[in-house]
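The following blocks contain the structures, represented as structure tokens.
Okay, so chain A shows up in both of these, paired with chain B first and chain C after.
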Partner chain A sequence: MTKEPLLLFPNVHKVMTADRICKKNNITTRVIPVPEEISSECGMCLVVAPAEMERCVVVLEEQGLGFKIHKRGEDA
Partner chain B sequence: MMHTVDTKGHLCPEPLIMARNALREIREGEKMTVISDNEISFQNLMSFLEDLGAKPLAEKKEDLYFIEVTKPAEASETADKNPEAYCNIPQQGDSRTNYIVVARSSRMGEGDEELGALLIRGYFNALKEMDVLPTHIIMYNGGVKLAVKDTDTAAALAELEDKDVSVLVCGTCVDYYQMKDRIGVGRISNMYQIATTLAEAQKVVYI
Partner chain C sequence: MPAFTNTYFDNASTSWPKPAEVPLAISEFMTSVGGTYGRAAYQRIYHTSAMVEECREEMAKVLGVAESGDIAFSQNATYALNSIIMGLDLHDCEVLISPLEHNAVMRPLEYLKTKRNVHWKVLPSQADGAIIPERIPEHIGDKTRLVVINHQSNVNGVIQPVQEIRQFIGDLPLLVDTTQSLGSVPFEGDRWEVDFIAFTGHKGLLGPTGTGGFFVRNPELLAPYAYGGTGSRSESLEMPMFSPDKYEAGTHNTVGVCGLLAALKNRSRCGWKGADLQRLLQRLQKIPQVRVISASDEKQQGNVFSIVHENLKPSTIALRLYDRFGIEIRSGLHCAPQAHRFLDTFPSGTARFAPSNYHTPEDLKNLGDVLVEILTD
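Then we have the complex of A and B:
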């Protein structure tokens, strides 16, 4: 199980947009299903390498994308 | 003369019942041979006879299994009464049921292509966390794109390979898409290997 923080978005369109933005900025993303402890719905979220997290947050905020960062083991 | 029980052509639980009934007819410490022509029945017989306390010893000759057993002083009552419970027991020493995953394209499902591409990435990243892993993953046609270097699907596939899952990438397809240099995981495979793997699988999961 991944221990890295998860980037959670309000819907799958935002996930896809965020993934595109990351790709354009050479930030490697991993798509994983939203863990069941967070939501029982079939959703996807993004994981980025810790080293790229800060830059990722900046570019996503620049684009006005709303998201939450979820650290494993904490409540959503 | 050695007692023999021939279970060829019989399906579970019949071979188990035949073996149990024959064991009842012989004396304590006497030996008997059970013959089976079916891998699954053989596995079930082994578990059943082991639990009965009959100390099964197996030998495979050509396509037949010969199991030598010894009548125990006292057969385990639970096993003796309930041979049915031993049907379809998964193979010992292999906690994975035998299934393979086939990726026919680089997307999951039909409909929106971008969504399909996202879903399949989620699928492989979820698959690698599962307790029951496939024995093989086969990728053909657009599916080979999942093995391209520096993608999260290739990373997930590499982790699956580390867990002893065979990852087969269709060579013709890699050639067609001219991406041989970009494949980062798996074994480039030919249609004979793919056809054989598909034929031997107990269950195929197409995604």
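Then we have the complex of A and C:
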């Protein structure tokens, strides 16, 4: 799953909130350490399968959660 | 000798017993879970981080606020109150306070008086310290920057009308100390437009000691009180400016938060009613040498009250109760000399009683029996 796009949040509170919302909506997630090549505000990030990414974005935006999407291999 | 469910009537100091789930959760956490908050992403830390965030969510419900991310955990309400009072940029100004403030508020304010020319002024109130909201505007001046209210006094149990106070202070920032009230008195932080709420976990919420925290409505107004690692923006030597990280430097008390979460999920119902407490107070009021220190209006009476006796010192009352009946209470000033000065019980203080949810109407009746015996001896 680590080749999948990453969802970056400012802090652990937001990561865990997003994780909880996704699970509630049957979106599979995994929390992983933020890779060193990414300059992120938080040490944790979410991985979501590409097939569920679109729905995930809608659900999180509905809840007003701010995040960035990082595609592996790109600069943050 | 009367049979008490338990002899501990010092729940204003710290509550006991706790829900059975609290020690079980702590034991399970220490035995099988462990891990810190948000410092890595393996399962142990994932579970602990999720647990801390669940506790934050539960606290948001208790405080009546929608944004749990603006709740920061700390080791107790005193640290929370210091974080707020010291974190605001107060200087050359005035702070309005209730007449029944604890030293957790008074000592920081006295420090600011010396160092930053910040002066405090007591709000208008009834004889029992209950604030008269409609008289507040005449006490607000050009230099007023903050209003601090002790939601429930830890001396006489008076519950302050926070919602009405907000109506009469305009846009002034409002800090409410819920140390004694939370868990037994409903709180609606959003609806009452409270800017800062300080809380403890080990009193009415029935959690372990070492837990507490605060809610801040606008984190831009409040600087961090402590500085250190947060697991976020680690490349920077400065604290992150977002909440709750801004206020949570260092490793969290995950053991305590785990116990607090268990307490919040297993909150007990109070085993007695306000009428049971009123019957006890009325009975004590009939003893000629006794002055009962309580709320004048029974609707503003919380689960704490005090007494003083013409001839018996508070410590003598406490010692007699303990030696003869094993009853545990606290005597003295209860870290609230300002409240005692206002109530004219300074410097001896009072004998204080604080039943818990786990007491019964029969316990309160029995307490009345033993008090009548030792106070009229």
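To be clear about the criterion, the second predicted complex is superposed on the first by the 71 of 76 C-alpha atoms of A that agree within 3 Å, B and C clash if a C-alpha of one lies under 4 Å from a C-alpha of the other, contacts with A are read in each partner's own complex, and residues count from 1 in each chain.
The rule we apply is simple: a residue touches a chain if its C-beta (ideal position, glycine included) is under 8 Å from a C-beta of that chain, and two chains touch if they have at least 3 such contacts.
Here the structure is a predicted model, which means the values were calculated and not measured.
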(message) Going by the contact rule set out at the top, does A:Thr29 touch chain B (first), chain C (second), both, or neither?
(response) first
(request) Identify the partner contact of A:Val12: answer first if only chain B is touched, second if only chain C is, both if each is, neither if none is. (result) both
(message) Under the stated touch criterion, which partner chain does A:Glu41 make contact with: chain B (first), chain C (second), both, or neither?
(response) second
(request) Would you tell me the residues on chain A in contact with chain B in one complex that are also in contact with chain C in the other? (result) 12, 15-16, 19, 31-33, 44
(message) Please output the residues of chain C touching chain A within their complex, sorted ascending.
(response) 37-41, 46, 49-50, 53, 56, 68-69, 230-235, 240, 242, 244-245
(message) Touching residues of chain A toward chain C in the complex: what are they?
(response) 10-17, 19-20, 31-33, 39, 41-44
(message) List the residues on chain B that touch chain A in their complex, please.
(response) 114-115, 118-119, 121-122, 125-126, 129, 150, 152, 155
(message) Can you tell me which positions in chain A touch chain B when the two form their complex?
(response) 1, 12, 15-16, 19, 28-33, 44
